[in-house]
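Supplied in structure tokens, the structure appears directly below.
First chain written, first letter: the chains are A, B, C and D, and each begins at residue 1.
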């Protein structure tokens, strides 16, 4: 039984707490938040203890720590938890600065604690099954990967200002999936984009519609398409071509009720957003983290996976700014 | 080169004339109609001769005759064409009276002329491919057949009065498909129905929504569902279960353009009616007829197939009237 | 917080226990089983108390009882729990004898306790959403309902011997769905079937492939198709036609990973069986039961719904035996 | 009645001859080929006259000329036919040199003859319907266009040597579709690719797997993906996102027969190659050409459309060679 503490009682902290309820070999013991009231509410909801952050980090009754607090706090918390030699599950991004991510990796490695980065989409039952079938050689050698990701609507402008831009905030998930599916690091990227959804996004120097082409040393190619808008739900699709065929995952609809009327044959919109679409993925990633701690194996995606996605996002940003392809140096 | 004459220049006569244009080994020579103006218009359209009915039946330049005139005229025309020893393609039904169909069969057999009944749905590329894969054993032994057929809207009441009822007018196509797919004659039928679409149909003693269960000696089962109304196009579907799996054909949409909006993911309605849905089937059945004449082989479905479907329709009518299952005697 | 006791620690008792874990307003307190070891194992798994059956029925700390024991025990347990004035959730069938079901209904009504029958398919997210859209008038007046249900493989012959036949054991779910969707009681049924899957099933006088046509007073029609075999997973589909269109639910696939190779475009098989296919339905029905107790409202489907489905199954059995349609008297 | 002559009796000349058979307002009069035997065979097949090329160009009984001869002959033939003041339908590419295409445009314009370029995919019923719905504003303003085109297998190396590379030979169709769907000229392109299918293609300096990103002045984005290999048929898909939703066209399967077995639910492969997939498009484009001549209107796509696609292909080639995005100057 792995006893877990959660740092950060916002939306995502509550998601992880809910997942832990369904994992028989784990037990949520305590939660903490910089805002004590948030911790109280969450603790009450899950019938656990509200504690200080230090109380969790140094708690003798805590075997593992989930860091689900705001991104700028990750760096210090990772160092503190590593200091107390507890396994860490940290939400992405580890840090907005790749240099600081490298520091975190060094610290965690020196401490010898297991570390998992929260790229939950790898654990989506559909995406995960695709990757396994790919890895099994079902369609031969991977040649091209196409990733489509469209959010239902842009987040508030205030949020976007601190987001680091669409590549670091949104396409970073796709960069991780690209690595997951290509089985090889992309070494060069061309990224471009437009602000077609909201002029305010253009005014702040960001884009809301973006595409990228990534290439690997062996010549594999990945195309990514992002938009901050989709009227038909949260659009999340993968398509992989190999030497012997294709594997793809289409959208998950709100239900399987199809209607047929004079308007045509209609399936419901896609699940509205990430909590609905990737609900099972949040549970599965937490199960993987707990399983790894129990088994003494290293969880993936790890800190280096977090770093690599960050480096690709940095290169994408540079490509957009310079208007030309950019090498990705790991 | 098979030289063809068409008797009957209505809608279906024109369909067959169009098909002949696309068949390299056939040539339409002349058309005739009880209404001379109809023949003239059709002859002009296809750049062929308008002739009297006798002129076609006895024409030395005519190798085969298509009977596409109103059903009540079929009996006499079949006898006349058989008398001139020409191969016959006759639209369904051969006759509304099963006894008179038996007479036609005897006449045609005595004359030794090839005879084909126009159950065109067997020649639909999708339905036909399903039957071939079934016959090849792809899903093992056939166990159940499910046929769905819904017209877009009821025909005029005047037409319905002379139609012989929904089983003889509409479900008869499905009875032929049932035999085609079961590979065995159904021996018993239970049929029932309601008038849900138009009270005028109830008032004339007919139904517009009908279902039937047919069983064969070996225990195979066929379910058929008909309606005179479908808001989403002409609904034509097959589903066959065998010991090793299922084969099915869904609807053919007006186009493959799918939209996704806040209303959901929408495919266009099904093709509107039989001319659009079964256009390729009309061409393929005519090609089969011509090929058989050229090769000296017997075309199918033949006159006996026409009779069998008629006998099942008779039994369905009786079942509806008596409220109980009825044996089918061939 | 509703404190719940479970009678019966077999597969389905464990399913309900798992559901209760995820319902915040309920708490599983104790479990019991005629076989004490079964209760112990289950109690340990869910970290609750193993108790005697009487200990649960009369427990002052138990607010509601789930009867998940073998069918022949339902009658006595319902009477005992009603005697202690506790709300009852009872797995279907209430009893194999319709007369005894009527007795149960009288007892439960006299005791004034809430009673819910476990027809979980009504709570499937897809089936439930279809019914709600139907009830909202989205496709006008309901005209025909088509239900397809095919199990992956026959149960053991020993099980079948005590099952009451395919209509009482398997098609009973579809009879309940028929009532749920028609919004009206069927008054007449024609049912037939064959033993095509296993000769041993024929030898015991049962069938493994069965179809039925049900009709209502207003002329609505329901077609049901069952088989004890499906090579492609657990086949569960609904299709409803109304005056303005169609609503349908197709199968739930094991994943949404589609492949395209020289063999074609392939989606995975359907979920293997009812626990996987209707997992969410088990949770939702239990949530409904708990919500109703909390709100003081009557849960559905209730005991009368259980009786009605049973009466239809009785009539189906009689129809099969007699080879003709049978009236259903409620 | 437009009387037509065809120059070039290869595969595509025969396709156009077949189309003309089905167009009531047109009549194929004569065919010609640099290889007289080829003209004879074709003339016999379609029961028309085999003539010299000059005999067609200057024939008083020829109202319009189809140029379906090898690409290097187009330039001279366009000039000759323009000289005889006959309307021209010319297969793409008009010429491999954009400069020579400009010369052709000038010649044709000076002669005042109608000129149509054979980008038949615009006339595919599905692609065409998508474009019309797009143009009607169904999904608001166009934002992104995604085009997927994968051939079943690479053509012979000998063919590839004279093809001008994948962008001029294969992706040029997609460049035309991009312009058709974007409703605006792309002004910049980034293209890259790999030789993953056949090392011999790498050795000759070409690629067999290629992607491109095109951007327009207003910020619209187009992604294109090409491969010389697809194991599951000829892969031809469009997807367009607008401010209010998406429109897309998926593949056309060989038939609509779906199977379900222990292997899953399988649809047949896509139509094998362009003649099967775009058969209806060849007929529709010819119908458009004839209609325009009859109506005295200008056919599209015209010579300038041919030029624009060529210029984009030139820029793609340059982008691949230089490894960076390139401006497209019209």
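Brief remarks on what is shown
The criterion applied here is as follows: a contact is a pair of C-beta atoms (placed from the backbone, for glycine too) under 8 Å apart; a residue touches a chain by one contact, two chains touch by 3 or more.
A quick note: this is a predicted structure, and the numbers were derived from the prediction, not measured.
Across the two interfaces under comparison, B-D and A-D, the one joined by more C-beta contacts turns out to be A-D. Among the remaining chains, A is positioned farthest from subunit B, on the basis of C-alpha centroids.
Centre-to-centre spacing of subunit A and subunit D amounts to 42 Å, using the average Cα coordinate of each chain. Chain centres here are Cα averages; for subunit B and subunit D they lie 39 Å apart. In subunit D, the residues that touch at least two other chains are 231-232, 244-246, 260-262.
The part of subunit D that touches subunit B in the complex is made up of residues 21-22, 125-126, 129-130, 133, 138-139, 244-250, 252, 255-262.
Within the complex formed with subunit B, the residues of subunit C that make contact are 141, 143-144, 146, 150, 190, 192-197, 209, 211, 213, 215, 219-221, 223, 225, 227, 229-232, 241, 243-246, 323-325. The residues of subunit C lying in touch with subunit D in their complex are 231-232, 251, 253, 260-269.
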